[in-house]
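Order as written gives the chain letters A, B, C and D; numbering starts at 1 within each chain.
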């Protein structure tokens, strides 16, 4: 990097790049490294990994294509970009699958070595798009990446098939040069990660440098781009995925509650990474338990809660369905329990690696009998941290299971996160009962008059022995009771306990223009797309109001007032209208559902155009 | 019975009798026999059995009390009566538990032998109510039933403890005399049932006769009552419980569909009797499969459906929760499947032997992803027969899982049923696919343009080999597809398929007075209480409209128009407002929920007074 | 466990009235357990009973300990979480043949292989009691019940074989009526480190009366009980005339006189290899003839909770107790200043 | 099965592209199965493959038969319903070690004891493939995976022992790479009346490569494969120098020369008593040393479907084919006339 580039540098505000290749091509890694380098450089960014449900579909086929999109910007951005400006296509299938998304006149960086007849046929091309003129509307940079990688790696000691594995680092180097990313961050990472395999380390380093240098030296790349640092609030930042932030949120909540974490789970895409992350931290005293199935997982977590731990279980939709009977037991026993649902496309196995928001009504109603519980949602990767702490706070304070809804998009995509000062986290600890609350006998269902929570007396506490269970409980004593009046009373008590949480959560903040007569209301991962869409509409001079919900049950107290204030209420959701139905039933407003079920997030442009339709109608 | 009674006979229109005793006292049997005799005599009737969750709680205790109420009438009645007119109390606990329900100035027939100190204490009496004047407001007939039974049984060969077991027949005989029931029906039944144990048979016969004769001859019973035959539409009648009618409905539907029944279930109160009933009928080719759990049960039923059988699975709330993941698979594979949910009090284990209607929202929404399916409900024991046939019709015609909601009250109570002419049942058979629907390859997801149902090609059919499963299916081919547009399309297709059923079900019939401005709308087992309540209100000269729903998803097409027509809409439900929420969300009407969660059915008087409140407000 | 506290059976009785059918075998087992607990001087607050649903599963209500009456089949899962989180507690599971082996089969086998420190007491009455008389996975073939009016066509599980096949480290069988034997087995189960699986033949006098009469009847019991005793030859019957040999992996009943006492299998529950224990379990399939009772298998193995504790210990030794701020920062950070 | 139809492997291939990782053992098993089916001349329309979720569970898509790719763990339940309803079909279950033994454990053991006519092929790669590398119930202790960075502390199941403990009537083990042996086992499983449990060691070259190298590696395999053959002494290794004896219920490896060939256990999978089969299953716990493959157990027993069919037959013989109107009327009726 001593030599100064002889090319033009164009300053741009934002660019979205998509790395696409075969599942085996290491595109997720290339994308993540590019993201990391950009984050450390100081851009704002958002990412969107997209990979097939198969571990590795046959090389070169369309189902085997894996991609990673990242948008970097010099200002606060909210989505990975609706359409990539630059597409890196490692093989014909990657080109075929991703070209439709590319921005008009976008740039395509092609690994031309992969465009041989075999691969072209597999992808469904009859002629070579590099040569047949079909890409004329784009700026195409065809680079023989494999050949160049091989040359670069020569002499590092790595031999045979392994050599070609480094080609993702070549591509990464090329992109690094093109967008002025310093390569040292990546070099450091390579050392850290491959340090134990010196030949692989050397090969990857060589490929990375080669890619960068090819950019620097060949005629082909006449111009590079510069995306300046974004202005972000001062602080220390790191880049997190939603699953990572959620896992850390569990640990932080446990710390704030002064409880050990017990995380019981059964692996399932896209929730497994929470288990992976937590299982690494034995030194924090985190206990992870990979159960035999989801029912066992929630059972074990509930058992741990009974024992005074912070019982947590995480899963995706199919697993939540299986857990529902046990969650109902948690409602009846009134034990704190956090249930994380990282939603994915359904029904049934559905689209396991794609995103959706179609579990909300199951979270609300998917239990037999009257079994209300609080629901908290996550609206972005970084947001997962505090959303989790909030969900745990409610679970402990109100002695109740809580469902925390995340989704596949949040789980796997990343964004910069200003690390909070952990010492500012609220103290959410609740005292265990240690002495009897009644001279005669301990009353496990005697409630706190304000929260209606029952006491948490954990085994090992002398004198407070008691029995709980799934049969209807008698008020105060917790004995089994089949009395009609008691069942009525307890059903209402359980309902009121949850309803009262509305007094203990922040009112929704409305982001509104004066005189706006359209309100857009969302929840979960559509946060970024909705906000970006609203900004665009405002940029055109229109007035819009916007609300994004964290608490889905109970709703914040002022929500009814707010939604009734606007003649038109748009509810964009990645489902067939879940929040929409809840709003209609609760507030009798004729809200408009904007539903999309394509297994992928909203684009800002979609929100923008739907809003424009509404405003102009 | 040669001697004519010397007592007065009073004609009455209706009477409600409650037999109450220890779980071991055979009160369910006495009640059922009394019912049967009344049915055969020609009364209209309705019953309400009520028993503890324990098999046999310690004798003499309150939790051990079991009761059976029956109302007999000379006209069409709808409920077992709000308050019994006559209470048979076999022990102090039975008196203690049931006295609060007795009608003012009602009659109490007491087994005085059981009122010894031990039993009194166990029930919580400090003095003997027979003697202490506390029953002065009632007509009390204390009979030393045990003593008399012993005497009667002497010489029949039966010895020891067994003797006292016949005392329920003594009580039955007494009641038979009191209400002019012929005892021969019961004698026949005893012969049929105990024929193989001659000493037991003889003892029961002797006790029955003795009870009858004691009434006939002692001074104590000065008056008897006569409830005339009810005027009912002509036909052949039998007395059925809901579970029985439902089981027969499954068999009838299978016959009408020309399919073999495959019923897979895991025992659970109050659904087990469906399994018991069906397992008796091997000669009909009915296959029952007691699975290892509810998940296996629904899985096996689905497997049988794939194989071209009528796959049915039955359960209660906790089991439905467990089945939800597999039901979602049935939605995706679009196979016909009937899921019966006999609802009971919840959440969790809740009140297993009590009734509730709190699974409706779980039936609607308790699955991950968008997994809509039709819901049909049962409104009385006899109604279960046709409701089941209707549910099966929909499942087959639309290739979809259907949830049929019954409840504990319907399941165990009985009413006279005019047996339909089975030859008039509709032909609900659907043809299996036998030849390919496409020249190239069989398309398992090519739909019928009208119903949107896919073809049912069962294994064994040459040339139609195909694979289905839980991953999103490609339109037409049924191949796995992760394509965004396809997922959107298929989600909508599955939704529309269910929505279109609205075109194929009867519109709701409204039972309305001209100018009524209150509409009461119900579903399920509250049918009788609501209708009876409405009649009472009308009898007072008020105008009311009434709708009772069989189809809960989709709603009948005219429902929206109807509910919007009435300024006040009352929705009585044994839950916290399930139908109420659906109506609000669908039609944006400010309906009023009348919720009761006591584990027991509505009383006509409750409906009446709530309606009167509304009318007078 | 403290040796200072002196308990009586009454101390272990809760204030709830016991509600099984009069004559039910569950009463006897309850008494045995309360006696055992009192004798052993366990502290009540450190004991937890977890159960599923069924007649047997009402057990926790009657013990003056901590307890959870869970849901059908899930007690081993709930207990596993509790026992792993709180290795200081003594965690017991009470379950029925339906609860444990039908709906709960998976949790049972997994808790066994993991050697989680829970004591599973399976009250096997070969019937569904609470739901009033359907057959269970241990009901014999041909049995006519409410749900099998034409006779059961399932082949039953042999619970002891199943547990051994699932890698259980402690497997035993006893009989409700035999209180001293029950207490002996409970003691051994309590002392065992890890999962213990105890099958207790329990008479349901309402729906399956006399199912175990071959082992409890005055006349039959001496002929049919094969009491397994550690390090002793497996002999039984009047005058110990009958014995068990194991040949080609197969246990057979012989007359001791025919083979000589030296040919008789000497029982050792502590051998690591589960072959002999399994072979013994195959001597009977349902208690209608000679049936072994006692401890089939009892081997030492680290428990799940202790291994987990060790990992926590090792991790803390290697990395310190864990600082969340450092962990988060460790993933790569950058500073933004004003 | 008709002997007129002549199939080739291609006839059994569906039109779907096979999508496992290149080099995955699943390919080999697929080829073995397609070959077996073609050789055997089964009719495609009478064959159904049912699976759960996992890499292995994609199997049905690639077979030109009827198929259902079910949900995780539930294939044995779905297949049980199908096989009981339709005894005329040949129903196969393809499952993974997680699918079958973790979430699906209960259904597996129950389908085994019921002897339902399904053939369960368990592709055991000792890892969760599809979810990218967590440990499974067959993973060895200490293994570091995504979900066990500190090493697995579960003790693994021995699938063969578990199946035998669950009363399976047919239990076998084979290896993906050994196609002739696989086809031999498939043939026997197909011919067996009732449930067949076949564990197939399957290499996952992405997340658990070389797990079975002791049995597949050029050097090691001859030393480690103990091939069970009916009625033959269990000997193995170069020159059959090693052998297996079963003593006191315990199978041990010996040098044949030390004990003499007559002391070596002669394998008989058809004996009713499962003791020897179980003993053999304990020879290895994970395929890292000498490991038996072949048929452990194969005994005759009526199947669930045939018993049910018999009940239907008997009922019809006793009561006639069933008339619903009569049944309803039989409960006691009365007439109401105008």
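In this text, a residue touches a chain if its C-beta (ideal position, glycine included) is under 8 Å from a C-beta of that chain, and two chains touch if they have at least 3 such contacts.
In this text the structure is predicted, and so the values were computed from the model without any measurement.
A.B. asks: When A-C is set beside A-D, which has more C-beta pairs in contact?
C.D. replies: Greater number of contacting C-beta pairs: A-C.
A.B. asks: Farthest chain from subunit D, going by the mean of C-alpha atoms per chain?
C.D. replies: Computed centres place B farthest from subunit D.
A.B. asks: Hey, how far is the Cα centre of subunit A from the one of subunit B, in Å?
C.D. replies: 46
A.B. asks: Suppose each chain is reduced to the average of its Cα coordinates; what separation in Å results between subunit A and subunit C?
C.D. replies: Comparing mean C-alpha positions, subunit C is 43 Å from subunit A.
A.B. asks: State, to the nearest whole Å, the distance from the C-alpha centre of subunit B to the C-alpha centre of subunit C.
C.D. replies: Once rounded, the distance between the two centres reads 39 Å.
A.B. asks: Which subunit D residues touch at least two other chains?
C.D. replies: If we look for residues of subunit D contacting two or more partner chains, we find 53, 69, 71, 102-103, 105-106, 110, 137, 150, 154, 308, 311, 314-315.
A.B. asks: What positions in subunit B touch 2 or more of the other chains?
C.D. replies: Residues 53, 63, 282, 292-293, 295, 318, 325, 329, 333, 348-349, 469-471 of subunit B touch two or more partner chains.
A.B. asks: Residue numbers of subunit A touching subunit C in their complex, please.
C.D. replies: Residue positions touching the partner: 36, 39-42, 232-240, 244, 248, 251-252, 255, 260, 262, 264, 281-285, 287, 289, 291-293, 295-297, 299-304, 306-309, 311, 325-326, 329, 333, 418-419, 422, 441, 459-471, 479-480.
A.B. asks: Provide the residue numbers of subunit B that touch subunit C in the complex, in ascending order.
C.D. replies: Per the stated touch rule, the residues are 53-59, 61, 63-64, 266-269, 272, 275-276, 279-280, 282, 288, 290, 292-294, 318, 348-349.
A.B. asks: Which residues of subunit B touch subunit A in their complex?
C.D. replies: 52-53, 63, 295, 316-318, 320-322, 324-325, 328-329, 331-333, 343, 345-354, 356, 358-359, 361-362, 364-371, 469-472, 482, 484-485, 487-488, 491, 494-495, 575-576, 581-582, 584-585, 588-590, 596-600
A.B. asks: Could you please specify the touching residues of subunit C with respect to subunit D in the complex?
C.D. replies: Against subunit D, the touching part of subunit C is residues 102-106, 109-110, 113-115, 137, 150-151, 153-158, 161-167, 246, 248-251, 265, 271, 273-280, 282, 301, 304, 307-308, 311, 314-315.
A.B. asks: Subunit A touches which residues of subunit C in the complex?
C.D. replies: Going through subunit C, the ones touching subunit A are 14-16, 43-50, 53, 60-61, 63-71, 74, 77-86, 88-89, 106-107, 110, 308, 311-312, 314-316, 318-322, 324-325, 327-329, 331-338.
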